[in-house]
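Next come the structures, one after another.
What follows is subunit A paired twice: with subunit B in the first complex and subunit C in the second.
Right after this comes the complex of A and B.
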């Protein structure tokens, strides 16, 4: 852990060498996710509600997904450029060092610029807290925390799966963006909006609904089954198959020779 | 006046060299077939989720619908199929690099216009990407059940206008990016410029939600901006959302923006080359 903090401080210091560029990127990141919010705002101005969910409720959902995604991205997105790490031989160097591989990959990158997105998520979240009409209880507060943690775990699982698959393809896999960036973009509305197929898919295959939809229903009071609160924890099991793919990949790894 | 003579020289020499640049880019783009396949899958999924989302709003049905579901389906599928033609967030990495690392000096030694060369390069890579991706997406979209399918609901005249408008939209998009490329000559930090330009163009161009879904007052302003002259107009012509007098007005708007952006880009090129100072390298 101490070593990880040291890595992070190095990354931050190297970024601070280019302060102007850093802040512009930060602002840019903020703007890009601001689109999604504005788009939502205009839609609700016209239509008031979607499948029984109000604007504030969807906004709440959006802020949770965005927060989980941006946190996962800040710490775990290094997996996302794993095809580069394999391609330029950086991974060979990692193999000979006396530290865990996952640790080294994670420490190789720390995306501070993604704070722009996180900032947006926090602003939206606070806005909903102040103006929304969710009646808070201890269990609901715990549920929110579980939703965020569950979300971070699921997103990091996908990033890891992506890296694991890179062992076999040696190049980036654009289609996995459907479940990372896609989930961020479309996760602004409760999953059920997209119909039964998408709901089933995101319950049993890639468990978005477990941290986004079901606990969300409990928090806004649409469902009183308190079993829904612990579903985000069930969702974290998704990490297991992802880690297995990664392990298989590491075992089969043959250097690209460059 | 001196500058005028330079252009005349270009007229004397045939434009074949620019066609070559176009061809090189076009053929390079065609090489990335597996990337294109992945792109098709991604685009298809995104289009579908987009439509499902809009349908949920339609079913909840409490507002006024500015576009029918069928029109919207046509809009979304065209958007997914031709994404690479009009995406503003896609920048040619080597253009930025050449400006930053000084390679641009070599390009300047050649008897060609930098603007025209980059312009044709951009066109080439965009068109080749789109050619690979659009066919499978459009083909699949035609066979989707009602109301998600892609249907041709417009007459012959509109089709001709649609093709004309597609071309103009590509010219507007590339000319807009060219202005940004030229502006990088004046700053050492292009990243912020890039992100701001791209995010404005995306949102106000109707990439997040189509322009008819914006509040009406805002729409009036947006229609005058260059961003609305990109993907917005051709897709709405095809879906039957733009017709009658508005059709002619929209295409006229596109032509105006092509001219303005081309002139602006050319002007910036001239300014940039006057004061250019290549930093070692």
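Right after this comes the complex of A and C.
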């Protein structure tokens, strides 16, 4: 942990070498997600609700997904850009250092600029908290935290899966962005809005619904089954197959070197 | 210290003819060709030895270094370094080796060199005392005192290479792998690097394995030369042995080497 903090301090110092670029990206990141918010806002100007969900409810959903995604990007982004790490030989360097590989990849990048997005998510979240009409209880507060944690884990799982597959393709796998960026964009609305297929897919295959839809139903009071609160934890199991793919990838790499 | 026996490494390389049609075909059924990067390689290196590892491009030099440093796993053969098999006990093994890839940097690009060193201290869990000693010695021998506080990206290639070497010796490894350490350096920097490696070997008895295309590196540093071509070890001996093989002792070293490559048909 101490070592991880050292890495972060190096990243921050590196970033501060390019202050202007840093702040511009930071602001850019804020506005990228702000535009997503505007889209929602104008839509709800016309329609009062989407499949029975109100504006505030959807905004709540969006802020949670955005928060989880930006946190995952801040800390786990290196896996998402893993093809670069393989391509420029940085991975070889990691192999000759006496530390765990997952740790080294994690520590190799710390994406400060994504704080712009995180800020947007927090602003929206606070806005919903103040103006919305969710009746809070201890269990609901815990559920929110679990949603965010579960979301971070699922997104990081996808990043890791991506990195694992990079060992086989050596190129970026843009199609996986459908899942990551897609989930971020579509996460604006509760998953059920997109129909049964998407709901099933995001329950059993890539478990978005487990940290977004089901616990969300509990929080807004549409479902009283408290089992839904722990579903985000079930979703974190998604990390297991992703880690296995990563391990297989590493083993393949050391036997082929390409 | 280093014991290598019957090492073999095979790569699968996909092959296809030129043109759209075969590109399309290749999409569905790939044809692989097996390329033997290393075949039946055996040698041993004693503690404190300096070995020059030479051969034309693609001969298998880098693959060997990668196997010895634990990056690659070979298909066949064994390799025991300091009593360990590199690819089986990666973390323990790499604590005791230093690796310099001449073409790639291990320093963090945007921060002062000393910051990279400090981070390496924690990565290798070097004690404060040992770190201070190593650092002081390396700074003196490589004259780094004026450039320690400069960000890596602003260093000249020669300055950077000196820092790279220092970075891979901070944890005081017993073996040092140098993959083309003098590539692209000017005369002064080359001499400085060679001088340092030589001293390091004398004082610390560090075992050095060095790949290079620069025959003057070999002449200045190593008493023992291993020539590899098409994955096979062709020659293992002194510089004089090398010259005898060609039979023209008056020529300059590059010509000797070129004649050797021709003789073994490895170019």
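Note that the second predicted complex is superposed on the first by the 253 of 258 C-alpha atoms of A that agree within 3 Å, B and C clash if a C-alpha of one lies under 4 Å from a C-alpha of the other, contacts with A are read in each partner's own complex, and residues count from 1 in each chain.
Just so it is clear, a contact is a pair of C-beta atoms (placed from the backbone, for glycine too) under 8 Å apart; a residue touches a chain by one contact, two chains touch by 3 or more.
These figures come from a predicted structure and were not determined experimentally.
Chemist: Quick one: classify A:218 as touching subunit B (first), subunit C (second), both or neither.
Modeler: neither
Chemist: So, does A:97 touch the first partner subunit B, the second partner subunit C, both, or neither?
Modeler: second
Chemist: Could you tell me if A:60 is touching subunit B, subunit C, both of them or neither one (first, second, both, neither)?
Modeler: Neither partner.
Chemist: So, A:198: does it touch subunit B (first), subunit C (second), both, or neither?
Modeler: First partner only.
Chemist: Check whether A:6 is in contact with subunit B, with subunit C, with both or with neither, and answer first, second, both or neither.
Modeler: Once the two structures are laid over each other on A, A:6 reaches subunit C alone.
Chemist: Go through the superposed model and pick first if A:28 touches only subunit B, second if only subunit C, both, or neither.
Modeler: In the superposed model, A:28 contacts subunit B only, not subunit C.
Chemist: Identify the partner contact of A:110: answer first if only subunit B is touched, second if only subunit C is, both if each is, neither if none is.
Modeler: neither
Chemist: Is it subunit B or subunit C that touches the larger share of residues in subunit A?
Modeler: Comparing touch counts on subunit A for subunit B and subunit C gives B.
Chemist: Which bits of subunit C are touching subunit A when the two form their complex?
Modeler: 11-12, 63, 66, 69-73, 75, 87, 90-92, 94-95, 97, 99, 101, 104, 106, 108-111, 115-116, 118-119, 122-125, 151
Chemist: For the complex, give me every residue of subunit A touching subunit B.
Modeler: 20-21, 24-25, 27-29, 31-32, 34-36, 38-39, 42-43, 45-52, 173-175, 177-178, 182, 185-186, 189, 193-195, 198
Chemist: State the interface residues of subunit B toward subunit A in the complex, per the touch definition above.
Modeler: By the definition above, subunit B touches subunit A via 35, 38-39, 41-42, 45-46, 49, 52-53, 56-57, 59-60, 62-64, 66, 189, 191-192, 195-196, 199, 202-203, 208-209, 213-215.
Chemist: Mind pulling up the subunit A residues that touch subunit C in the complex?
Modeler: 2-3, 6-7, 10, 13-14, 17-18, 88-89, 92-93, 95-99, 254-258
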